[in-house]
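Next come two complexes built around subunit A: one with subunit B, the other with subunit C.
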Partner chain A sequence: MTDFTAGSVAVRTRPRDLSALIPYFFILPAVAIMLAGLVYPVIQAFYLSFYDWKIGTEFSGAPYVGFGHFIRMLGDENVWESIWVTIRFGFWTISIEMFLGVSLALLLEKPIRGASVFRTIFILPLMVSPVVVGLIWRYLFDARIGWINYYLVQVGLEPQVWLGDADLAFFAIVFTDIWQWTPFIFIIVIAGLQALPSEVLEASKIDGANWWQHILFVKLPMIRSILMIALLMRLIDVFRALEVMYILTGGGPGRSTELLSLHIYNRAFDTQQLGYASAISVLLIVIVTTLSLGILRMGNPMKDKSDI
Partner chain B sequence: MAAKQIDNPLHIWGHYTALIVLALITLAPIWVMIATGFKDDVLVQQKEPVWFFFVPTVENYEYIMTRGKFDRYLWNSVIVGVSATFLTLLFGGLCAYALARTEFKGRVFVANSTLLVRMVPPAVLAVPAFAMVINFSLDADLAVLIFFYTALNLPFAIWLLFGFYKQIPVELEEAAIVDGATALQVFFRVLLPLMKSGYAVAGIFTFRIAWNEFILALLLTGRTSRTLPVGAAGFITDTGVEWGRIMAMGTLIVIPPLLFTFFAARQIIAGMTAGAVKG
Partner chain C sequence: MTLKLVKRLALGAGAALLASAAFANPYAKYEGTTIVVSWPALAHFNAAETLVEEFTEETGIEVEIDALQYLKLRDRQILEMSKNEGDYDVVSWVVMWKGEYVSKGLLTPLSQFFTSGSLVDPQYDIDDIAGAYLENGGVVGGKKGYMPGASGALYGVPFGAETSILAYRKDVFEEHGIEVPATYDDLTAAMTKLHAAGIPALTSRGKTGHQVTAAWLFHLAPMGGKIFDDAWNPVVNSPEAVKAAEFMRHVAKTGPLGIETFGFGEASAAFLQGDAAMHLDTLKIAAMSRNPKLSKIDGNVGYALHPTGSRCGSETGGFALGIPQNAPNKEAAFLFIQYMTSKAGDQRMVELGGDPIRISTLKNNTPGNPEYPVVAEQLPCADPDWRPLIPEWNEINIDVLGQALTQVITTDDPIQPIMDEANEKLRAIMEREGYYTWASYRKSN
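Moving on to the complex of A and B:
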């Protein structure tokens, strides 16, 4: 310290003052970027939802419509239809993925030689770009040259125009999602099961629990919080998803595969109603925030836990 | 019951069979893409699938690398991916450190809000991002993309790195401080070396998202600033899909994430399960 003028008091207090500020310097850049890149756009979405702004026009010329878009939304069949598609999509994908993922994990949880090879393979669908996932399955489901139709014919079934029929296209996006996400559930459930304390598992076996009782009353309850968080995370993902469907079906035919996120995108950039699309975004923000608060209540991992 | 008879050979055999079948189901579509990229157009258009035995051709790769703007897209993707990853790790690491190691007013609020904004759907960002670009007349497309990817990735990176910082014993830092190290020295000399694997996980996740992201890239880039996924989608035209070329492009896009998966599977799984298992 080459501070000649400072008295003993200043010398003692200065480091403490600085160290009180240091945390703010550390968080400042990250917080600023998140505010500008995530929070500001969300606020902007609220703001834009009050204006009838269309692509290609100046925003300053856009008429103020107040809550007009929200009132319109309440009676808009297309919005409700895409919400319904999202709920159905979420129901089928998540229940099938959870069922398959959890049962497979219970059957195959035992540590075996070569487990890491399999684990590597099972995370591949999550590492592949959503655009690429959409492209691959669009090729496989293709009506004319798609491999799925070929094998259907081989086993004596009728070929289908998969992506041209409302129900079949919906099946196609559900199927693709299951292919992509079941391995994720499988892996995290296995991780959870392998982390269970062996004493409890031993105890239940000594007490004479049979295989079913062992799973239903011991293992599943013990990984309850993992299952709940996985479920909520998948649920939020369903409301965030759009890239795979954008490539695979574009939301069609009709609106049969147009999830809420894709609906917002199509509204904004296909029918060019930026203001109205923002109003629907507000609805999406409310839904996703509610679900996220659920996760936070389940247990914020950043809570001050000494054993984290 | 025989739930845990590890030494029963039939059981082990069944176990492996089940895993192999599941692995094949997982791999088959990815293999179809790779194989299709090496097929000529006649083979691609043929109804009967050919899995393995065909004469491979590189004409699709030749086409996308010479006729399209592949080199441009690749360069854009690399710039965006690397810059977003660097910024995310730098700022996210500092923030996570402060949250994990220091006490300050608003700490819990920042931690909770970080988790909340992590869930912001990309579709919600689309219109405001588009509006920001127009209203502020931004034209440095790649910079805008890097900015949004950094923002999108920061929450998860902070959350992940927070967990890693918490695992390092405080005593190490205290010892360094006693020895006269400043806060910055503690951060760079003591903590960073121990945080290597944490930063590796966060970096892989960030790069993967920046590299793969499509919808914002589609909106915010122009003719010269397109990234690879946008370029790939460009092969879907009104007259049809050029499957051979698009699959070749898809294969190239998938290479970096595949490499990460093979070399850092353990870390990736640690990142994926961190949320569920630790929470």
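Moving on to the complex of A and C:
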């Protein structure tokens, strides 16, 4: 009797043990890639930020500076200026992109004539490589040979030095970013809208909701989690943005368009202060992580599905 | 009969000579070797590709060229040169990087090759290369570490080296009755007059960072200014330096639209496409203005000496060729450099539309190259201390002066405080790098 019970326990628990391991087995490759491709470089950047290393010299000869770079960073007005530029850039681009992307998606979700043509056209900027986007707009904004100035002169307006004036250059990078990234919001939102259950939408119509109420109180709340994901991805992108600004303005004139990522690049490669640039990168990681966690806390789309 | 004999003897002797020449071919040992050359994608170097093909044909040494935008060369080269074994056998650097390369131990001293009887061509005649070019591009050590002097050592040979001259539109000057400016006062007056007539006057680089600083340096030397005094104290807020900055503001106000965004390519394009009346920058503009792919103004360009201020002082810049310390094929690399910069190579470069580095080439090719007499006259004024080629220069150039001068040309803020602030930042960098250690040591003793 006792033997039988013990045997039955053993028979019952063995498959459960195995099945408990299977999920870990499946996520193992992803975790390994994350560790090698993400965690290791971050640890290296952190390590490098304690040394004053110059490219082309032996790392073993680089002087250890402790928290020197971090202390210098906290008092460096250029770092704070570039953070401020990034925040302003993020505010204008994300709010305008969200507004335009959602509006376009609401307009084009219905099966109107030629909707698929419009959709394809709207998505085109997203398919262009960032370097090409930078070049296209650099030539469009060019003061001497650019199209924009050409048409300004044609209609009798003064030509402008778009990329050589602090305010105009900032406008130019915001405008370019909106051109490039509005389609991203558009795609995500239109996918979300098309997946909405038709019963709810019909029910709201039967209950007498007008067009505005239909959008504001039914559709948008239902795609709230999708909007949150889109916002989060754009926010992280803003802090990662580099290629387009690098080609369009290089951060100039002065530091008026020098986003934090571009500031790090210029520190690391133009002036060869790799340790210091790594310290600023650590700050960038902290900012992005804080922002992401904050947004997830406000409205975690996965809240009901797991324990993230 | 006697004549026949003489002929036969002569033929035989000729054949013997040829045979021994083939036997003692200095290139034979390296036939089939492939060398990799890192150099900029600029007009002079594009033209040199034909000469590179001729080199391969003559010597059997294969050459692979890795051409990059010129300001991108440094990152790539430093990375390659700091590996245990690099891929580059020959590197071409902008002269401002030589101090950094040598201080990091990345280059091979050329004395290793110039002392080898089998490698050096006795007809090479290194003294024929313009002194200012050789010292500025290739010599490290000497006074201040980058100036000529007995303690200097040769690390590179100039190729695509340059000084500055004034290029102007003859037709525009004639039409508006403007004399060719000889001094900065004349130049300022000419700019004002052209601007008043609705013609963009002087094109210039002006993009934040290296470019705007380079533009200001063109005017700093002739106006009598410097970056440092003899004790490494920064003097970029001196009256001369401020005057040069004021001049830059005048350039931006009277020149073609968009100077604030111009690098060298954009600035020269404005002149070559007829959107500016003057170009005061490298002599490379002359060869470019004769190239129909680049220029709409061929035949209308005149050349004059770089205008003088309180003294004459033109740019010393451009490129030099050298050999990394980790180059796999150093001797073949030396033969390549020697071939490209030899008298025959220099002459060929002129024919291909490049710029010569030798005094004899300048003198022998005056017809068809109206700027050569001007360049020959300008060279004695080329200032080897035009900018301090110290390892810290890149940070000073891009991060401090490049920012301050952008503020000068894009705003109407008073200039003296901008330059005062830049001066303090320069002092902090020099302090950090230990340039004042000896001074404070002497003071304390």
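Throughout what follows, the second predicted complex is superposed on the first by the 243 of 308 C-alpha atoms of A that agree within 3 Å, B and C clash if a C-alpha of one lies under 4 Å from a C-alpha of the other, contacts with A are read in each partner's own complex, and residues count from 1 in each chain.
Just so it is clear, a contact is a pair of C-beta atoms (placed from the backbone, for glycine too) under 8 Å apart; a residue touches a chain by one contact, two chains touch by 3 or more.
It should be emphasised that the depicted structure is a prediction, and the values quoted were computed from it without experimental measurement.
Novice: With the two structures laid over each other on chain A, which partner does A:L104 touch: subunit B (first), subunit C (second), both, or neither?
Specialist: So A:L104 only meets subunit B here.
Novice: Between subunit B and subunit C, whom does A:L74 touch in the aligned arrangement: first, second, both, or neither?
Specialist: neither
Novice: Quick one: classify A:I206 as touching subunit B (first), subunit C (second), both or neither.
Specialist: Touch status of A:I206: no partner.
Novice: According to the stated criteria, A:L124 is in contact with first (subunit B), second (subunit C), both, or neither; which is it?
Specialist: first
Novice: When the two structures are laid over each other on chain A, which of subunit B and subunit C touches more residues of subunit A?
Specialist: Counted on subunit A, the partner with more touching residues turns out to be B.
Novice: What is the contact status of A:F184 with respect to subunit B (first) and subunit C (second): first, second, both, or neither?
Specialist: The answer is first: A:F184 touches subunit B but not subunit C.
Novice: Just subunit B (first), just subunit C (second), both, or neither: which does A:L274 touch?
Specialist: first
Novice: Pick out the shared contact residues on subunit A: the ones touching subunit B in one complex and subunit C in the other.
Specialist: After superposing on chain A, subunit A residues 144, 269 contact both subunit B and subunit C.
Novice: Per the contact definition, I'd like the list of subunit C residues that touch subunit A in the complex.
Specialist: 75, 78-79, 81-82, 100-101, 104, 106, 206-209, 256-261, 266, 270, 275, 394-395, 398-399, 403, 406-407, 410
Novice: Show which residues of subunit B lie in contact with subunit A when the two form their complex.
Specialist: Per the stated touch rule, the residues are 1-4, 6, 12, 15-16, 18-19, 22-23, 25-27, 29-30, 32-33, 36, 44-49, 87, 90-92, 94-95, 97-99, 102-104, 107, 110-112, 114-132, 134-135, 147-148, 150-152, 154-155, 158-159, 162-163, 166-167, 183, 208, 211-212, 214-215, 219, 229, 232-233, 236, 241, 243, 246-247, 250, 253-254, 257-258, 260-262, 265-266, 268-269, 272-279.
Novice: Where on subunit A is subunit B touching in the complex?
Specialist: So the residues of subunit A in touch with subunit B come to 19-20, 22-24, 26-27, 29-31, 33-34, 36-42, 44-45, 48, 53, 59, 104, 107-108, 110, 112, 114, 116, 118-132, 135-140, 144-145, 147, 150-151, 179, 183-184, 186-188, 191-192, 195, 205, 210-211, 214, 225-226, 229-230, 233, 236, 239-240, 242-243, 246-247, 260-262, 264-265, 268-269, 274, 277-278, 281, 284-285, 288-289, 291-293, 295-296, 298-303, 305, 308.
Novice: Give the list of subunit A residues in touch with subunit C in this complex.
Specialist: 54-57, 142-144, 149, 159, 161, 163-166, 249-255, 266, 269-273
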